[in-house]
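Look for chain A in each of the two complexes below; its partner is chain B in the first and chain C in the second.
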Partner chain A sequence: MAKWIKIAGGVVVIAAVGAGVWAWDSLNTGRSKVAGDSVTLAEFTSEDAEAVERGEYVMRMGDCAACHTREAGEFAGGYEIATPFGTLVSSNITPDAETGIGGMTEKDFFNALRQGIGQHGMLYPAMPYTAYAKFTDRDMHDLWAYMSTVEPVQNDIDENGGMPFPFNIRLAMAGWDMLFFDNSGFEPVASESDAWNRGKYIVDGGGHCAACHSPRNALGAEVASAYLQGGNIGDWYAPDLTPNPHVGLGGSSAEDIATYLKTGTDGVAVAAGPMAEAVEHSLQYLTDEDALAVGTYLTSLPASDNPAPKAASLAETDMARLTDVYEVNCSACHGLDGEGIEGMVPAFSANHGLLGDPTNMIHAMLKGTRAAHTHDAQTAAGMPSFAWKMDDTQVADILTYVRNSFGNGAEAVSPEAVAEMREALDAREPLRAATN
Partner chain B sequence: MNRREALFSLGSMAAAGGLASRAGAAELKGFPKQTAMSADHLPTPARSGGGFQVLKSETDQKTVKAVFDRLIPADDFGPSASEAGCLEFLDDQLSGDYGAGKALYLEAPLSPENEEAIMGAPQFLSTPRERYETGLKALEAYAQETDGAAFHALSPDRIDEILTGLEAGEIDLGEGVNGQAFFELMLQNVREGYLADPLYGGNRDMAGWKMIGFPGARYDYRPYVDRRNEDLGLTPVSLIPND
Partner chain C sequence: MANERPKADVVIVGLGWAGSVMAEELTRAGLNVVAIERGAWRDTSTDFPPAVDPDELRWHTRRELLQPMSVETTTFRNKTGQQAAPVRNWNAFQFGWNVGGAGTHWAGMSWRFLPWDFEVATQTAERYGQERLDSLMAEGLQLQDWGVSYEEMAPYYDRFERIAGTSGKAGNLNGQKIKGGNVFEGPREREYPTPQLKDTNWMSMYRQTTEGMGYNPFTIPAGNISQAYVNPLGVTMGPCTYCGFCDFHGCGNFSKSSPQACILPALMRRSNFTVLTETEVLHAVKHEDGKTVKGVKFVTRDGEEGFQPADVVCITAYQMDNVRLMLLSGIGEQYDPATQQGTIGRNYSYQTCSSVTGFFSGAKMNPFIGGGALGVQIDDFNGDNFDHSDLDFIGGAGIMGYSTNGRPIANMNGIRPGNKRWGSEWKEAYARDYQEVANIFCQGTSMPTRDAYLSLDPTYKDRHGQPLLRLTFDWNRNDASMIDYTTKKAVEIMREAGGEDIMVDNQAEASWNPYKQHSSHTIGGLVMGSNPATSALNPYLQSWDCHNVFSVGASAFPNNGGYNPTLTVGALAVRAARAIHETYINNPGPLVEA
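And now, the complex of A and B:
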């Protein structure tokens, strides 16, 4: 990012702190009144087995473990999140009184989760409280009950020790919240079906889909006007989830989407990278009804106006050469006709996901990747890294070929983009034969 | 050691063994996350640049070239061994683990007749690198002694004659050099250089593979399984694409 954006961003944040004093709406904790404020999490263990079970479902939906479970133990934090503003470390959310959230009352818990008002100050919006704000009181009570059954782990974490000034000032987030945080619960739309409303609740709330699938502005806030229309998340790209017919979910039914969420594949596309993790740890646990509700909601969205990609023109000689390269390197799994292997290996034919931003394809070529390991699709087929074998031009060429074969047409991938990603991912340089 | 002590020590050995195996065992759950090739599993390409490392003397290079190009001469089917990079291949191999005999047991004692009878071929305590160093010098000395000229300056027919004699075990290259075994070693290495993946320095432009119709490191032949008795015209493929 250009330095001026960072500096300008800092100035805006600090200015916003002043304005934040009047930010009554985003700091109004009135919604937490329904929560208890006398017993701390460390002192409390729920005996309501049903509430605990429902709370576990809410935890899965919210995918708390994605960021809060690392080597230190379940929910003990320690995940380093690189943001454009510095490195954040996920907190310890076990009921440990000293290093976890054991000192929180239910009301504190509600404030933190739904409003980003934490025990050490304001939370950074890397924690999707902007989405969790939609959680119903009941889901919150259940989640509180579940968290009370989690094993306390002692693991002291300095969440923002890696953030430079001014981004290490937590109070600045009050200003950010004033600008970007909508402190309101989920409002069902009466004219829509129950399934649609349930789907929207999951997508906008616990599922926090927009955290990745919406683009973010220079201050790290989701761009509402491009809601779920695709977002770049560093070295992966979260594709357009609207029914855009070119690069989005156009052509996918609600059932296709439900199958994808539950298994990691709809028979054509296969989840990889962070989406494979989301499926593994969170989405596969959705009930069939909830998964279908998400599909119902997503298919109802207005299609984005992301344009149809323009096909690259490859010389005939290049096509002939690359057909052979494809056959030698790709066809064994992805098929001579780009048909893939159903349930395991993505197809290239009729797969919109590969026509837009090429980030994911480049990432997969350089680092390899793995399908989600789910209860219903256990193979977790692996894509090997080709970094050892192909140079930047060769990776770009074969991706351009794939994006322009099997009925596809999309812009060429540039060797420069591959080179940039090779460096960013610290992927190895290719082996080369002797030249003397 | 009496029987009680023997039993006791067996017991502690078993206990130690049990502990050791428990400490060394890795429990695998799920599936491996790693999708990059392990460095251990990657080939080591021939060095680029820097000239010859083992065949440093010009005479040695010329002697090897003279031998290799009689074993695989240029003809209508393909280039000669040296044109295909077999000297560079050999030098690179001799400068690495192969030349150092890393895969060989090189400790004395050695009883040549006994080991040859057991293994079916002569055995040595010297490394392939040392065998080339002594063998090439012996070959040059033999040419100087019998023909009064350098080995590489001899006529193709005369070189063939000497090689044939070596192969038959009829030429003695002197103390410490098994001429017949040295011939076998050179024949083996020139074939390897001509037919190994080009990434190892030989088989330039996949000349060896084109000659014998080997399609190289292709992963999947399902599109061709049913096509019998026809020239598939497959372009050979190296492990490392070089275009």
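And now, the complex of A and C:
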């Protein structure tokens, strides 16, 4: 797989060099003309407090801090992102003139965010400029105003030092952009409601939902035909967000979705892993109106044709044994009837998120996970790891049990899938009693 | 000083229940708070995960959640003139050793004290005459009011119950008595946050028996909560599973009220809150005029000393350490039993207890269904709920039939008298009696005396070279009479219930001994009151001697009620914190004129 990608990458480099004029469309920076080009971010100060406040909201929506804030300080970069092509490090986006983006003019800033053309060359699409391209001019002006208020931090970053040849050639991204980047702004659909249009703007723009929830092709581009129908993101799975009745949001109202985005839970499911981070750092800050707009848009999508899961058949003796295993290990928090604890612990009953791809359940069993901390749901309860306690078959069995109890029915989880994840996550091996 | 930290509005010394309640109030009011905790960070899902079976040997037998004796102990003697010796094993005192303090390992009994408990001196004189009070005082009791009434405390109790999610059933709603609740409790303005816990077999038997005897049984209010609950801070708790591994253990399912389950999730995310863990405060440092302090000196785990400046210092460590820190900081005057001068160390008391064990042939008590606060109690003989005119004592005891645990190691000795304590006979007896044994516990009041007090030990020092705290204490005649009386009532109940082979352990029958106690409720030494000659703290828990020092803990109780102390500590913490952010911070000075 990796080898194939490298070959493909090489082809892209060649394509990029040869493409020349064809790249015009995707690299056209005409949209940045509205931005100023004389004052740098380090020099800029905004007099408009409201614009700064709106800009902070845009920053939250775009979740800039998720990748750009680490130990070095707010927006000072340093987050390592493992891609199939090598390791990228997020940049310092504070107004520090030397190591941050303090030397950028507003126009440079627009080019970077909406076009993927940065101060050191083309950006890698790990930076979701492919989605930020939808940002309106006004949101961009406001974000610029906000960024000027950020404390400058000196933190020198070598963004692509961990990328091997040929992926360390930023120009290669021109070819990628030519193939996959849609360089157009957000176009409202006149026949749809304001809420729907606002929802689509957030989902496709700042929210960059498809970055995880759409599957990606071999070159790391979102597959448009499977828009928001679920994507595997390494050791987590971002589920189907269409109204698919089996494994998607079929049972959820726009209000349920809004509650989930703002609190990390809709009373049944609880966000974990990267979604918990997205809720904690970004989505909980959405206004009630915007959160509902996202729900309005998502519930309007055509349902994917992801098939209904097929119930596994478990022998009665296995069911009886696993009922005990469940009671001893799971019921204290998840409830004897799989009812969970509203607002804190996911229910297993009537929770569609359990029935599709089992990646998240396996991950949670092996490494544990933690809910989001939000203003309205403060607990951020943790799920403990069972890796040390259960072997691959035991983990698979209890997950299969949960997927086929409390009114659920879904394919069995295989011990092989658990073993693969245990290795990928470097999770502990189960303790074993000495045999001699 | 090297390693001087940025100044805080308030520094909190000890992040247990009192410290975290205060930190929550103060940070919500916008103050910048730094808490310094000697123990390490402890978190529900990583330190006490339900994925791990409760480890009785580690937590209960070896007490690994408690502060090691090598860090600090106390010295003990029964009376002045004896040579005190260091206590070598935790039994009577249970110092916390982690963020959450003793609030992480407590059992969960969540009592409000009786209105009488706050005004023992006044109400004894009112009901039984000034002569009766004078004669008790002449005998050596040192009775005094708290300077705060139950009515004044009620809103703070209510706030703490809401934070803790306390389960229970009201027995006195705004003066209206309700059967099934505790009809002797002071009036409460509303029901408990969560309903009372369910009865075990023994609780049902105890309830029926005591009701038949004309008493008023009720389910003990518990910090083991009965259903999922969201507290006013937005923190969710889960329902208790009746696993019975509560005291000395952390709770893995978010159902035991604790700083971890109730406060820390919200507090830790506040940008105006900082906690320094594994960092020990040595003492507060006074300004040159001695009227206020400028902060606290601390030492880190790696032995580096530092200074935390602050406008207000809140001492919220364990009861013993609150007293010790005041003495080490030179705030106030050491109490002297010979002259009764000085207030620091004064009015130390313990809790006067007994237990009655009975056996029920053929019964299935199923003690593995338990909860730290799971039990039925009668308060008919607690406080001043019964007429003491013809009795030779004041005070009383709550008498409970409990189902707190069925821990296999701890209960190994709970077998019928006459059976061997080893070998196959013991195994057989334990297998039988595990199911057939039942217990009644009398948890009694303790009245302070002139001769019971805390002071710095002249000989023994801790690892930093600071003197240990010395305890001088023995049971007094009043309390011994009280527990003798209430224990007899408990024996009558056990007989009436059908218990056989009854065993009685009355702790006041022998001199007090730190290794043989069934309680850990150690109180006083830094008591609140309205008279600066007899109390260290004013009714807002503010030092009479240094007005920017506040201290909250059971150390502030001038006498002990027949109850567990936690709810009263929590309520006092709310009261003190509100006094700080509503009044003191804008107008620093004594909140009450001496």
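Following the convention adopted for this analysis, the second predicted complex is superposed on the first by the 426 of 436 C-alpha atoms of A that agree within 3 Å, B and C clash if a C-alpha of one lies under 4 Å from a C-alpha of the other, contacts with A are read in each partner's own complex, and residues count from 1 in each chain.
Keep this in mind: a contact is a pair of C-beta atoms (placed from the backbone, for glycine too) under 8 Å apart; a residue touches a chain by one contact, two chains touch by 3 or more.
No experiment lies behind these values; they were computed from the predicted model shown.
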item	value
Touching partner for A:S46 - first (chain B), second (chain C), both, neither	neither
Which superposed partner A:Q394 touches (first chain B, second chain C, both, neither)	first
Chain B versus chain C as contact partner of A:I341, first or second or both or neither	second
Which superposed partner A:T323 touches (first chain B, second chain C, both, neither)	neither
Which of chain B and chain C A:H373 touches, first, second, both or neither	both
Larger contact residue set on chain A - chain B or chain C	B
First, second, both or neither for A:R432, with chain B first and chain C second	first
Partner chain(s) touched by A:T149 [first = chain B, second = chain C, both, neither]	neither
Which superposed partner A:A332 touches (first chain B, second chain C, both, neither)	both
Which superposed partner A:G382 touches (first chain B, second chain C, both, neither)	both
Where chain A meets both chain C and chain B, residue numbers	329, 331-332, 368, 370, 373, 380, 382-385, 389
Complex contact set, residues of chain C against chain A	43-46, 49-52, 228, 230, 233-236, 238-239, 241, 243, 252-254, 265-266, 269
Residue ranges of chain A in contact with chain B within the complex	321, 324-325, 327-329, 331-332, 336, 367-370, 373, 380, 382-385, 387-390, 394, 427-428, 430-436
Chain A - residues contacting chain C, complex	329, 331-333, 341-345, 368, 370, 373, 375-386, 389
Chain B - residues contacting chain A, complex	30-33, 35-37, 42-43, 45-51, 85, 88, 92, 198-201, 217-220, 223, 235, 237-243
